[in-house]
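Below you'll find the structures, each written out as structure tokens.
Below, chain A partners chain B and then partners chain C, in two separate complexes.
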Partner chain A sequence: MNDITAGRLLRSNTRGCVVGCHVSQPAPVFGSMINIPTKTGKVFGLVHDIHIDDDGLVRQLAAAGNLPDEVILDNRINRNVPVEMSIIFIGYSIENKISHSLPPRPPLSLDEMYICDPEDLRNFTNAGHFGYFRHVISRQDIPAGELLSAHLQAASTAQKVGGNPNWINEAIQEIIILLRDNHELMTNVLGAIGDAFPA
Partner chain B sequence: MADKNTEKTNINSPIGYVVGGGLKANLHIRLTVPAYSVQEGSFIVIKSGDWQFYSIATDLQLGAIDPRFADDKMENRLPPNIVSLLQDQTLYTNLVVLPSLMLESGPKLNSPEHTLWQESIDNGEKEQPRPLPVKTVPVHHAKAFLANKGNIAEIFGKETVDGNFVIGHTREQKHPVCINLDKLIQRSSGIFGATGSGKSFLTRIILAGLIDHDQSSVLVYDMHNEYGLDDTASDTGQNVIGLRSAFGRTKVQIVGLGSSADIRGLSPDFNLTLSYKDIMPEDVEMLTRELNLRETTAATLDALVQKFGRSGWFSAFKSMKHGKMIEQDGKLTPAPDSVAFWANQNGIHPMAAEGLHSKLKRLFNKPYIIENPPSDSIQAVTDSLKKGQHIILSFGKFESDLDYLLISNLLTRRIRTEWENMTNQFRNGKVSEPRQLVIIIEEAHKLLNREMAVQTTFSTIAREMRKYYVTLLIIDQRPSQIYDEVMSQLGTRICGWLGDDDDVHAVLSGLAGRDALRGMLARLQPKEEVLLLGWGVPMPILVRSRRYDADFYKEIKHSIKRKFDQKTAINALYPD
Partner chain C sequence: MPINYINLQPQIKDYCEQAKSTNKSRTLKIDQVLDLLHRCADEISSGTLNNISTLSSPNYKNRCARPNSECVNQSFKINNNDQYVLLASDGSQITSTHHDALPISLINISGIFYQPNSRKSPEIQVSSEFIRNAENNISLDVISEDLVNLIRDVAEVGMLANWHFKTRLPIITISDGPLELFHAPRASADYQQLFQEYLETLEKIHQEGRILGGYIDKPRANLVIRMLEIIYQSISGLDLSGISDADIFFRLLEPGSRSAIFQLNSPSSNNYTGPLALHFFYLNVGRKDKPWIVRVEINKWAADNIINVRLLHQALLDQCRLMGSQPYPYILHRAHEEAVVHLDEKEKLTALLSFSLQQSGVEIASKSYKSSAKELQNRTRMK
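What follows is the complex of A and B.
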């Protein structure tokens, strides 16, 4: 397991949370699977948005023009406003038993977030039968196609290393089953997946 | 889930699962195998709980979860593997099946419940399961299979059982399909198909089966001289074995029409000649259309019978002179031996009598109708049939409709009388049970059309003679021309390809599920594929008929040997 923290929880609810981290921290990328340890186990999620808010100083600097490199670097390294990552919860574990349901209670503020390593990815994606896809697909405020595409790329690589190259086909098949009554969304999602897995 | 585009159809693996339908609307099975691995007419078994449902595939329908998935070609937008996965989940083929029979198969084999179930059958507490007409439907998602050899045998019987005759094989798996000959001959049957669809070959196959089975006598009205002696197939040029050649003279006799009959240069076993007294008024009335007789015919014939009797009228009428006049008192009057003279004497209009006489000249001139034939050849035919021989009546050079209608009706009328008498005596306990007789008539619509059916003996046989041990096997290419009442009485219908909608409709009249079977009948292959229907078969089934060749007779001879019981033969020879 990855033991380098990737941020701390700013706010949360049962469906997701927002995590903040310093620019210099090893921040997860869009679609990464993360976990947040709790007292009873872990909460798993996918990063579906990364946003960097401005503050007064940044606005002034942006308007100044011809900034020296050290000023830019100083603003980034010593900046007080964190990089914020929006997370959608996709499951949890209690005593190493993984569930693809939403966590019984959200993690608390300032809980640490970690990026899942390939073994974590394999363990989570092998549990159950892709039940966590429904959390992504049912959310209308996130780019489901792009998110699933990014997740499948990472998970597929981990599964291939783990000796299960067919996992990706099973995953796509499950997405199709979940979306077959929604032609528009299915076309969008498969288009995004197709871009991620060109022939 | 299996990839239905690549999965091979294994005989023991399911081909799909039930997704809907009903008894009236047929059942719908979602295929999990490629659509091309199942064809219309396939015999399908559905396993649901303790029951097996037997059905026949009547349609294949392409469908899509959303029509847009079928309309859009995704190959240009998505990688091939994703397209393939998408099509697997959104496009499908539904197999429509007509459920016909259900059989209780009991709980799972080798389970304690199955043992208890089997014990209750063995103890007689429960009836031995047998195929029943379908009364319910399988559950959703019940698995469907292509029938295996055992399934076919469960329904159509095992080929090793005496009386079961392999008529053909299922199209895909080539499992043998039997018809029960004992059941076939209990009611009249029909073989239908457009010209060139193989009716004659199929008839030869069935006749060979009946002769080999030897539980009935067979009388064939061989209008085109094709069943008795060896022939050459018109399409392949190959030798076609005749029934007499195959079974020998002791079993099959060829009767030629006329005293000097020959069939393609060969002499028949005996000749059929008619005596004047054999011709009855009803034989003439039956020829009304052929001879273009008028409405006055019945009255004229009645007067002739009144005057000369039923056995003498034909001879007397023939001997009358047409138009002969004598001078009497200076006036020309009809001669005493003229038709007009007789008509005047008997209250018949002379023109009507002379018209009938003129038209009957075609009969008077028939060389096979003679005053004093050397023997009663009609009786010889019926005697041979009673003894268990089989008769093929070749019409030789007399191939006109007039010859065919006259001879077949006259002979059948005599047979009907004989068999009715025999049956009545048997019921009175005086004689042994009459031997079953099957009369084979070709171009049956000439004898059984709407106008003729009420006049000929054949419609009576089709309707009533089952009780008197006589049934018909009618062969025709225009079943729509056959009288509905006769068609409705046909027990077994064996039907090859038919092009005309009316003919298809006629063959299916009175059968359950005819709407579903109609398309199948119209899409049969022009040769060798036949649909078995009706009372004589447990359920409709499409078969590829056996080939009528030397191998067929090898198998027949093998079956003869198999049925030979040495002990029975010795007891028959030395009863002491």
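What follows is the complex of A and C.
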């Protein structure tokens, strides 16, 4: 497991959470799978939004024109401007038993978040039968197609390294089944996947 | 909504009319001051100005400028690109009144070290200290705001004097506000001692070979105008009230230019002797279409060295340009950001102290009922 923290939890609910991290920390990218250790196990999630808030000084500096490196570094390193990441929960584990259901209890403020390494990804995606896809597909307020596509890319790479190159085909089959009654979203999701896996 | 706006409506009209007429007379006065300034410059250069000695004895009526070596109506541009490093400090404080549950007197001082063109992020230091009494114990009494302010001022220059770093470049130190301490020195012993410490710290900055500038944004002073009033007091009916030096230098200084350096003549000038003697100049840090005049206080040791003055001039312009349309030294703004203590932090500190005191078995006084009543939540709408 990756043991470098990628941020700490700011707020959470049953379906997701927001994590804050400093710009100098190793930040997960859009679609990364993360885990948040809890007392009983781990909560797993996907990063579906990354936002960086501004403030009055940043707005004024942005309008000022050419900025020297020292000012940019000062704002990135010294000033308290956290990068915020929104996470959608996709499962949890208790005593190493992985479930693709929502966690029974959300993690708490200031819990640490870690980026899942390829082994974590394989373990999670091999458990069950793609049950976690429904958490992504059911959310209207996130870019589900883009998020699934980014996740499938990372997971497929990890599965190939683990000797399971067919995993991606099974995953796409499952998405088609799940979205058979939602043509618009299926087109959207498959389009995004098609962009990520060009023929 | 405690203000009676209906009551104010006719008064707002009066306010505007009065402002309009004052503005008209101000323009005439500014023209008159500019004429006098040019006349003063001519008379000094021709040696015909005799009564300049009236400016020499500091007293309460004579808080004014005094010509230094440069021509009083001249402006100075710079065109150099010398290397330097910058150190700025600012401070903030927590003070208490007897209405508070716990008496807290604390200063929070920040310092920021900035190396232009280094591609390094600035270094920051923040020091938070409870105020201590003569026995070096943390003071548990309510301390007057004036005294806390003075302690903070001394600590701010302390940051500029005592932060050491390796550099071969000239070190420019900037503080927010005048170098001349407000209403200091005062009669009481603790004020006197702090003021002495302040002077010693200034001397240390001098000994370290650092250049010190006190940056005063939107200055209200009328030091140059007062100088002209004193020199030309024989002109009958001369009334230059209601205008400030900034009004004059808005007209006189092009963007990026500074005024001549003046000596500062004030009730406390006699305390700043030798290399610490107070001087100042005005600087236009704005743009062509939006001038902005600031005042910069320096000591004699900086004023006497034109290279130092040019460096300070250049550094302030460089810093102000970073902030774009509202020029103000970036480093001073950052020092302020790092130092400022907000009300909620006072509340957090009070809670932390209360908790620790309770754990130690110390009984805590409650805040006054007057203070508690003021903090009651406003009426809210039922949902």
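Going forward, the second predicted complex is superposed on the first by the 199 of 199 C-alpha atoms of A that agree within 3 Å, B and C clash if a C-alpha of one lies under 4 Å from a C-alpha of the other, contacts with A are read in each partner's own complex, and residues count from 1 in each chain.
Heads up, the rule we're going with is that a residue touches a chain if its C-beta (ideal position, glycine included) is under 8 Å from a C-beta of that chain, and two chains touch if they have at least 3 such contacts.
Quick caveat: nothing in here was measured; it's all calculated off a predicted structure.
Engineer: Which partner does A:198 reach: the first (chain B), the second (chain C), both, or neither?
Structural biologist: A:198: touches chain B, not chain C.
Engineer: Applying the touch criterion given at the start, work out whether A:109 contacts chain B, chain C, both or neither, answering first, second, both or neither.
Structural biologist: Touch partners of A:109: none, neither chain B nor chain C.
Engineer: Applying the document's definition of touch, where does A:78 land relative to chain B and chain C: first, second, both, or neither?
Structural biologist: second
Engineer: Taking the touch rule as given, give the residues of chain C at its contact with chain A in the complex, in rising order.
Structural biologist: 114-122, 124, 321-326, 330, 333-334, 337
Engineer: Inside the complex, what are the residues of chain B that reach chain A?
Structural biologist: It is residues 1, 65-66, 68-69, 74, 77-82, 85-86, 88-90 of chain B that touch chain A.
Engineer: Touching chain B in the complex: which residues of chain A?
Structural biologist: 169, 172-173, 176-177, 180-181, 183, 186, 190-191, 193-194, 197-199
Engineer: For chain A, which residues are in contact with chain C within the complex?
Structural biologist: Touch list, chain A to chain C: 57, 60-61, 63-65, 67-71, 73-74, 76-79.
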